[in-house]
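Here come two complexes built around subunit A, the first alongside subunit B, the second alongside subunit C.
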Partner chain A sequence: MSIGGSDLDRAITQLRACRPIPENQVRELCYKARELLIEEGNVVGVDAPVTICGDIHGQFHDLMELFRVGGDVPDTNYLFMGDFVDRGFYSLESFLLLLCLKVRYPDRITLIRGNHESRQITTVYGFYDECLRKYGSANVWRYCCEVFDYLALGALVTGAATSLTPTDGPIAENINIDIPDVDCDIEIETLNAQGEIMYRYARNSDSQSSAASQANSNPASSSPIAPPTPSLAGVTGTGATSSANGSTRNDTGAILCVHGGLSPLIDTIDKIRLLDRKQEVPHEGAMCDLLWSDPDEIDGWGLSPRGAGFLFGADIVKCFNHKNDLSLIARAHQLVMEGFKEMFESTIVTVWSAPNYCYRCGNVAAILELGEDGSNGGFVRRSNGDRGGGGGGWVLGSNAGPNGTGENRRLSSVLGDSMQRTRDGPGRRYRVFEAAPQDSRGMPAKKPVADYFL
Partner chain B sequence: MMSSLNGAPLDTHAPGHEDTSITKNGFKITTRKLPILKAGPIEEMTTKLGIAPPEMIFGDNFVRIEHAASGWRIEFNAFDALDRVDKTGDSMLKVSYSKEWQQNRQKQFEDIKEVVKPFDWSYSTDYKGSTAESPAFQSTDTPIPLALLKRPDPIQFFDDVMLYEDELADNGIAMLSCKIRVMPARLLLLTRFFMRLDDVLFRIRDTRVFVEFATGEVIREYTAREEKYEVVRKVLAGTKEDVLALMRDPNRLAEYIPVVGKTLEKVVLK
Partner chain C sequence: MADSQIPHLKALLGGRRGGLSRGRGRGRGRGGFGASHGEHEAIVDDAVRGTDQDAAGSRVSCVELGYLDDPYAKLFATRPSTRRLPLLNRGSYVRTSAIDLLIDRFLTTSPSSPKQIISLGAGTDTRYFRLRDKYPNTHILYHEIDFPMNTAAKLISIHQHAQLHTKLTESTFNIVPTQTSYYAPSYNLHSFDLRALATSTAETPPPHLPNLDRSIPTLILSEMCLVYLPVTTVSAIMSTFLNHYLSPSTPASLILYEPILPQDAFGRTMISNLATRNIHLPTLHAYPELGDQRARLRQYGLTDGSRAADNHFIWKEWVSEGEKERVAGLEMLDELEELDLLLRHYCVAWGWRDGGANGVFSTAWRDVGEQDGG
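Presenting the complex of A and B:
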């Protein structure tokens, strides 16, 4: 049988109910997915608006919560930065659902590879065992691993707005700091799962602030469920919102999304494009670094004390961003209690989307929404001459960037004098959410069962 | 409610509980289970410890046994356990593919040599609990009376408290957790450090504390087990069981990993 059209919709419905689809459908789905992914470059071009998500780790019910909070596919354009599988109990359903959505709505969901999308790691951390348990054979695991080899290594988001259109949602309770006026140039906004404002930061202002509790007289806040997409409508660039948004401020650079981080072998995005990615994640080399490395409070590059893997400091990020005309690197890979963590003067952010990780950490999760810069109509892509001295233009979807290395060298020497950000970061809206209610995911009770251990 | 630097909330609704306790014959047993630490407290702990804490750090959790009459107490918490982790890098392990990785790297990046903040990142600790200075434990030959603990006496209080856990960047697992069960006449506490560095090493370090309420007798037994990964794997391969599952289960693994160190101590509280 073939999986397509209504079959695909049926599979999506079944997976949304957290029920695995038959093995022959998985084979068909994986085949279709591979045909689609093979056409993608190592670095996928993505237009804002987009919602960027971090690790999922088989926490299916929390993925459903993510879609409730962030909006459904295809209404919301999603970018998942890998680590779909392992750890959680529903890696299979989570990954297959994302894959079905990818095949059904290829332009509305982007999947890039995490270090867990690998044969070796999945045999140790749960996905292999889960497939064996649910199907009685390793076939499904094998089909999925073949898809892993075709996943892109990164994504490049362009056309993001510098400022957010402020959410007109109510202000969260128990917030006792004033929030900046909505007329300000809003750079960061943090919302809870109900769409209530927890925090708002105006660009170039020194004071960070949160919503005031006394302002919480809005009756809408009593509604436990936020409408998933309407609150985003302001950002998605109608003519009206883009002018209210201040359409002159459209000079943010692109945003590179990658699972782990940078590599000393990679100084331009074009070098990522040249890698041969269609293989198992190697133990060393640029591809390995992109999926494994971590930012750290160090100068330059460092070696992990574990004896393998790189750490990179603020100077590396700032130099890379400058050279490649980026305003931000979004990555996942590391658990952060608050769901997201900006580092190095907001030149890099870690996004983590698995709440109550491993069902016991008690952390919240976050997704990052980037609005659309209304002035480019969401269609016209950036060109080289967009801003003097940027020099990091590229043609999306092409593996050969137009900028010569000579210019890059010049830029990095200029950068050496002052490690300043030349690009304003995109407006960033973080939606923070907690784990799906316990009773909805059929999990064992939290209370430990007494046993006669010795 | 305060807001952290990046605007995320500092408090979250999370699993766990505030203190729960039970008192038996003047012994008060208390446990606390809260979520992992947030960014602020993690930074504070990093400064105090001088090393980066594990990825999952349950810094608020503890298990405590107190005897008010004598002023004796023993507590198990993550900070004190981590304070006993080697912070110099002298006993640092390497992941299995380190050599291969290093060799390839050295050719290309001779300038990147510095190992960032070397320390024992496996978080191996010989922590036996934090105790009051007096009355102090004395070395003894009296073993924990296993026969009494094998009886199915009713368990009146039970808890299983995680102190820390780290996935060793997907090279295995290191975890320190503490279980306690209180029966009408006695209690048993087990704090276990379990570490599996894939293709390199297994470690299990158990601290058991036994209290006989009527006599005030407290016995503490520390057992360290260690074996090379490959040796254990070969033995397990002969069991016809799921080897990967066994390797995740320290309860089952213990019998395959030889004891490399043991101490037995006792104190009698009046």
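Presenting the complex of A and C:
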């Protein structure tokens, strides 16, 4: 059976209802997906606007909630940073739906590999057993694993705007911080699932500091938003870092998206491009590190308690971003209770998209929207053009990590002042959402049962 | 073709069928307070039997993967073992080794003097047999209390395996099929509902506990047992142990293993998840933090020492670097953040009365570090 055209749409409809498709269709789908993915480089180029998502882990109903909050495919462009499978009840349906969407709308959705997209990990963490149970054989698991081997290792987002076009959403209740005026350059906006503004952070405006400080900002996080100086502007090469909305000359560096993080074996993005990725995730080496590593409050590199990959500090990130002309690294891999967490003066962000992870953790999830800077010639805004796009702006996490001013000082002494002149980051809109309501799951007999020590 | 009705691995890991466990989740037995609603009783008992077996399976998973050394675990498991998630294995390891450490310190303090241990809701716990091997020359008087369904099953397992019953008696181990209690000089299995200890009066005194010694140093262990009972019931039970079964001057201690932090996002989710299974943890709300646990121990009269530490702290501070490395190397553990959350939400609290200074518990646990704050 072929899975082109209308068959594909039928499969999408079926999977959206959380019903698995027949084994022969899976085989066909995986074959098509491999044909498509083999053409992609190790680092896929992606144009803004795009919505960046973290771990899904088989939480199908929460993936539907994600699409409800972030907009449907193909109206919204998506970049999923891996860990589609394992842990949740519906790894199969979640991954196959994403794969169908990829085959159906290849330019609208990007999938990169997470450490769970691996034969070894899926046999421990559930996806293998789920396939066996749902199909009675390991064939589907095998087809999926073959696709995993072809997934890209990273993505490079270009053309992102440095500030956000303000949403016209209402301000959420119980928010007691100053919301900067919409005329400011909006660097960060956090919206809840209803599209209400929970937090807004403006660059270079009087209101920003009060908003920032009241949102428990810290000195290191606020340092990049010091009033622009000629040298800062010079480094960014635009002279427009403080420009108002709608500038077409904003020039944010690119955003590297990778599931885990950096590798001591990789100092340039070109080195990622040279890896031979079409294999099972190795136990060590650059490919393993990209999928397993974590940022941490350390200097340099450290051993990872996960037993694979490394820990890397702010100095590593800033060096790497500078060298590769990046303004931000977006990664997933680590559960963060607030859904996202910016670290190291907003040079790296963790995005986590599995709410109430494993039906046990009680966390919220987030997705990160990057708008387009309008300089992509001939680029036509899509029907959901109200999302993102537009202006220029900067940075700061509402829940930035506990990095202090010391880091800043250390860096300038170690790396010299020029290293601090990082590129303006993209304007970032985080949409935070909770787990899909229980009744939407329609599975009273299969109530999620989380394990505790009883 | 299979449809979406097929349960996920995790559901099977839990080993629960249906939602009728009524106050008893997986894990070690949760004390001898049996079903009280007639029509549910059989179903509840069944569920409990299942959860108890599942607990045994958890222990086997840990043993087979090398986390724990326990040759007896598989003897109490009647189902084939299921490999647990690394996070759960690690959690089970921390819990078991923490309690082992406290008990080891107790038994090795004045090793020639007799000691008594009372394990509440012991279920399929193998601790007695492990201690017998580890301290062959120490006089240990061991008691387990659980409700009859669990004690009966345990006796059958013991009867079936010479490895077990030869630890209890030199002579032939004889039980009748309906037997729920067993009394021997070193090991005693008492079958009754723990709540009976809270409702006793002068006319209806608490059950007689054969072989219980009123005067030797006694350690009472509640691993996820008392947490299911109302606060006042637990206080009454403790009072019965500390002032009725034991002479008020007998050195005594209580080790609790329980969840904490019910109010944060993880804790709230835990409570609501357990509530859907009709599991409620009254004392969790009464003693939400480490400091509350310590104060509670003092309220029971354990005033010579009261300490507490969460399992995250215990993993970090009690487990040696070499052992950490060994355990971390057993399985690749990807769920680090989740493990942290889980470990921070369980604690060990231990308190004692022994006259202080050179008392047996004061000596045994002098150097066992607790966590600040809370």
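Convention: the second predicted complex is superposed on the first by the 348 of 454 C-alpha atoms of A that agree within 3 Å, B and C clash if a C-alpha of one lies under 4 Å from a C-alpha of the other, contacts with A are read in each partner's own complex, and residues count from 1 in each chain.
Going forward, a residue touches a chain if its C-beta (ideal position, glycine included) is under 8 Å from a C-beta of that chain, and two chains touch if they have at least 3 such contacts.
Please read these numbers as outputs of a predicted model, since none were measured by experiment.
Visitor: Scan A:G136 for contacts with subunit B and subunit C and give back first, second, both or neither.
Guide: second
Visitor: Determine, under the contact definition given at the top, whether A:L101 touches first (subunit B), second (subunit C), both, or neither.
Guide: So A:L101 meets neither subunit B nor subunit C here.
Visitor: Regarding the shared-chain residue A:I121, is it in contact with subunit B (first), subunit C (second), both, or neither?
Guide: Once the two structures are laid over each other on A, A:I121 reaches both partners.
Visitor: Contact-wise, after the overlay, does A:N363 reach subunit B, subunit C, both or neither (first, second, both, neither)?
Guide: both
Visitor: Touching A:R306, do we find subunit B (first), subunit C (second), both, or neither?
Guide: In the superposition, A:R306 contacts both subunit B and subunit C.
Visitor: Tell me the contact category for A:A286 with respect to subunit B and subunit C: first, second, both or neither.
Guide: neither
Visitor: Who touches more of subunit A, subunit B or subunit C?
Guide: More residues of subunit A are touched by B.
Visitor: Answer with first, second, both or neither: which of subunit B and subunit C does A:Y201 touch in the superposed model?
Guide: first
Visitor: Now for A:M81: first (subunit B), second (subunit C), both, or neither, which partner does it touch?
Guide: A:M81 sits against neither subunit B nor subunit C.
Visitor: Tell me the contact category for A:F340 with respect to subunit B and subunit C: first, second, both or neither.
Guide: After superposing on A, A:F340 lies in contact with subunit B but is clear of subunit C.
Visitor: Can you list the residues of subunit A that touch subunit B in one structure and subunit C in the other?
Guide: On subunit A, the overlap between the subunit B and subunit C contacts is residues 115-116, 121, 124-125, 129, 305-308, 334-337, 356-358, 360-363, 446, 448, 450-454.
Visitor: Subunit B touches which residues of subunit A in the complex?
Guide: Result: residues 115-116, 121, 123-125, 129, 174-177, 188, 190, 192, 198-199, 201, 208, 210, 264-265, 283-285, 292, 296, 298, 300-311, 334-342, 356-358, 360-364, 366, 430, 432, 434, 446, 448, 450-454 of subunit A touch subunit B.
Visitor: Using the touch definition from the top, list the residues of subunit C that touch subunit A in their complex.
Guide: 1-11, 13-14, 16, 19, 24-27, 30, 51, 83, 85-86, 88, 91-92, 95, 224, 259, 264-270, 273-274, 276-277, 279, 328-329, 331-334, 336-338, 341-342, 346
Visitor: Enumerate the contact residues on subunit A facing subunit C in the complex.
Guide: Answer in residue numbers: 18-20, 22-23, 87-90, 93, 115-116, 121, 124-126, 129-130, 133-136, 305-308, 334-337, 356-363, 443, 445-454.
Visitor: Mind pulling up the subunit B residues that touch subunit A in the complex?
Guide: 1, 3-9, 12-16, 34-39, 42, 55-56, 89, 92-95, 97-98, 100-102, 104-105, 108-109, 112-119, 121, 146, 149-150, 152, 155, 158-160, 162, 168-171, 179, 181, 188, 190, 198, 244-245, 251
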